[in-house]
Amino acid sequence: MNWIWFHKLGSPKWFFHWADRWSKLIFIFGVSLFLLGIIWGLVFAPEDYQQGNSFRIIYIHVPSAMLAQSCYLALGISGIVSLVWQMKMAPIFIKSVAPIGAVMAIIALLSGAIWGKPTWGTWWVWDARLTSVLVLFILYMGVIAIQNSFDDTRLSDKAAVVISVVGLINLPIIKYSVDWWNTLHQPATFSIIEKPSMPAEMWVPLLFCVVGLYLFTVGVTCWRMQTELLIREKRSNWIKAEVLDSGV
Amino acid sequence: MQTTLTLSASNLCIERSEKLLCDDLSFRVRAGEILHITGENGAGKSSILKVIAGILQPLSGDLDFSGEDISLYRDVLQAELLFLGHSTGVKNVLTVFENLQLYFPKATDTEINNALMAVNLEGYLVTEAHQLSAGQKKRIALAKLWLTDKKVWLLDEPFSALDTRGIKVLEYKLKEHVECGGLILLTTHQKPSSVLDVKELHLSL
Amino acid sequence: MTYLSFFKSELKLVIRRKQDIVNSLVFFLMIVTLFPLGVNPSSSFLEPAAGGIIWCSTTLAILMSVETMFKEDFHDGSLEQLVISGLYLPFLILLKLTVQWLAVLLPLLILSPLFSSMLFLPWSILSVLIFTLLLGSPALFLIGTIGAALTLSLRRGAVLMLLIILPFYLPVIIFATGAITAAQTGQDYMGQLAILAAISLAALALSPGMAAISIKASIN
C-alpha cells in the first residue's frame, strides 16, 4: 500500500493547500446531505408503530452519538501517531477535533434526553448507552481542559497526546464496564434501533444524516486545523505568502 | 584506555516560551577546558546547560560527546555527568548526610565529612535540611563536587551562595578537576579569577 | 544515585512525613462518616452501600496522595536530577509509586475491619473487600500517577488532574463494588476480581512509561 499520502498528511503546508481546495466542498456537501436526510426523516418518513413520532429524534441522536465516538477514536489514534511518528499535525488535529466531539456528545445526550421523556417518562435514565456518552463527554472535557491549561504549546501538545492515548486504551474498558454495570442494575431496555425491521423509508434518511454529519465534521475540522496552523506557523514564509496572496 | 573527552554542539537552536534564545550555536569543549557562558539574565545561559543535560530539548541542532552522537538520547553523556542546576535538588525532610547519601550511596562517612568541611558545612551532618538557609542548601549541592567521580560538570551559577573563602575553595576544586582530565561548563555573573583558564561563550539577548 | 539508594530515600521521606498518611486516613474516616450522617445511618441503607462508600473514599484518598507525589520534587529540583541521573525513569517512578502505595494501603487494610463494621458490612465479606483493595488500588495509583505527572507544573493543577483521571477510575470502581455486591448476594465474584487484576496489570505496563514522558515534558 502506498504510504506516501500518510506522510504527506504530516506536512502542514501540504495539508493547508489540500484543505483550501477541498474543505469547503466537503462542508457544503455534508450540510446539504444532512439537511436532506433530516427533512426527509422529520417530515416524510412513516411513523414508527411502537413509538409514534418521538422516534424521529434518532435522526439527530444516532448521527451525533456515532460521531462523538468516532471523533474520540480519531483523536486517540492521532495521539498514537504523534507518539510514534512525531507527526506535527497530530496534536493540531487533536486540538481541532476535541471541541467538535464534545458538542456532538452534548447533542447526543440532549437528544437522548428528549427521546427519553416520551419513551420512558423521565428526562434521564442511567442506561449503558447514555452513561457511556456522558463519560465520553467528560473525557473530551479533559482533553480540552488540558490543552488550555498550559501556556507552552509544546507541553500542552504533549499532555493532550498522552491523555488521548490513555483515553483511547481505556475507552473499550470503560464501555465494557458500563455495559456490564448496566446489566446488573437495569432490566433490558428494548433496543433503540431495530435495525433489520426498519423499512427503507426510515433508514435511508438516517444514512444521509450520518454521512452528512461526518462530512460536516471533516469540513469544520479542516477549517479549525487551518486556523490553528495560521497561528502556529505565523513566522514561517509559506504562511506569510498565503496570507498576503489570498488576503485571509 | 584513553578516549578523547569532548563535548561539542553544532547549529543548536533553543526556544523557550515561544522565544528563540539561541540560534545556530556551535562550540566545543575538550578535556581540561572550562567553558564560561556569560550573558544577561534571560539570554539563555541556564537553558544551554539544561539542553546539554537532557532536561530541555533543542529546536534543532546536534550534540556530540566524545565521538558519539547524543542529539536524541543523552544516556552516554548522563553516565558521566554531574549537573548542578538553579534548584538545589536538596530534600527538606532529609538530613544533610542523607541528602548526600542519596546521590553517593557508596561514599564513606569520612569522605562526606571532608566534602562538608570544604563547603563550610561541617557540624551539620545530621541536621534536617529544612533548618538550613537557602545558601547553605546550595552548598550541600556543591558538596557533591567533592564526592563525585563524574568527568563532565555542568554548573549553573555555582558561586552564588559563597563568600570569598568559599569562592577560592571552589575555584581551586574546579582547577583540580580539569587538571585531572575533566571538563566543565559553567554559567556565572562574576568574572572568574585568573586562577582559572577559561574559554568564554557570550550570549546576547 | 542507584535504584536502591533512591528507594531508601523515598521510604525515609514517607516515614518522616507521617502526618500526610494520618491525614489520608482521617480523611477516609470523614467520608465514611459523611454517608450515615448525610443520608441514612440504618443498616438497611448502609450494608448494601458499604462497598460503594468504602471504594469512593479509597478513590478520594488515593487521589489526594497521588496529587502531591511529584510536586515537592519538582519544586526543590530533585525531579530534574532524576531525569538526568542516567537511570531508567519509568522504573524510578514505579519505585516511588510503590512506596506511596504501601504508605496508603497498609494503614487502610489494617483499618478496614473498623470501617466495614461501621458500615455494617458482614465479616464474611471483609475478605472480598480486602481483595478488591489489593487488586484495584494499584490501578488507581498507576493511572493517578499519569495525571499527577501531567499537571505537576501547574499551580492549581489539582482540579484538572481530577477531571482527567476520574473517568479512568470508573471501571475499577464498577468492578470492585460489583465484586462486593455479588459477594453480599451470594453470587460468584471471581470474574470481577480477575478483571480488577487485569486492569491493574495493564496499568502497570502502561503507566510508568506514560508518566515518564509526561514528566520529561513538564520539567521545562
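Lettered A, B and C in written order, each chain numbered from 1.
Operating definition for what follows: contacts are C-beta pairs under 8 Å (C-beta built on N, C-alpha and C of every residue); 3 or more make two chains touch, one makes a residue touch a chain.
None of the values given here were measured: they were computed from a predicted structure.
Chain nearest the geometric middle of the protein is C, using mean C-alpha positions. Taking A-B and A-C together, the chain pair joined by more C-beta contacts is A-C.
Of all chains, the one whose CA centroid is most distant from that of chain A is B. Per-chain CA centroids place chain B at a distance of 37 Å from chain C. Between the CA-based centres of chain A and chain B the separation comes to 50 Å, rounded to the whole angstrom.
The distance from the centre of chain A to the centre of chain C, with each centre set as the mean of the Cα atoms, comes to 33 Å. Residue positions 220 of chain C each touch two or more of the other chains. Among the residues of chain A, those in touch with two or more other chains are 152.
On the side of chain B, the complex with chain A involves touching residues 17-18.
Residue ranges on chain C touching chain A, taken from their complex, read 143, 146, 150-151, 153-154, 157, 160, 163-164, 166-168, 170-171, 174-175, 178, 181, 195, 199, 202, 206, 210, 213-214, 217-218, 220. Partner chain C is touched in their complex by these residues of chain B: 16, 53-56, 74-75, 78-79, 81, 83, 85-94, 98, 101-103, 105. Interface residues of chain C facing chain B in the complex, by the touch rule stated above, are 1-2, 4-6, 8-9, 12-13, 16-17, 72, 75-78, 80-81, 83-86, 219-220. Chain A makes touch with chain B in their complex at residues 151-153.
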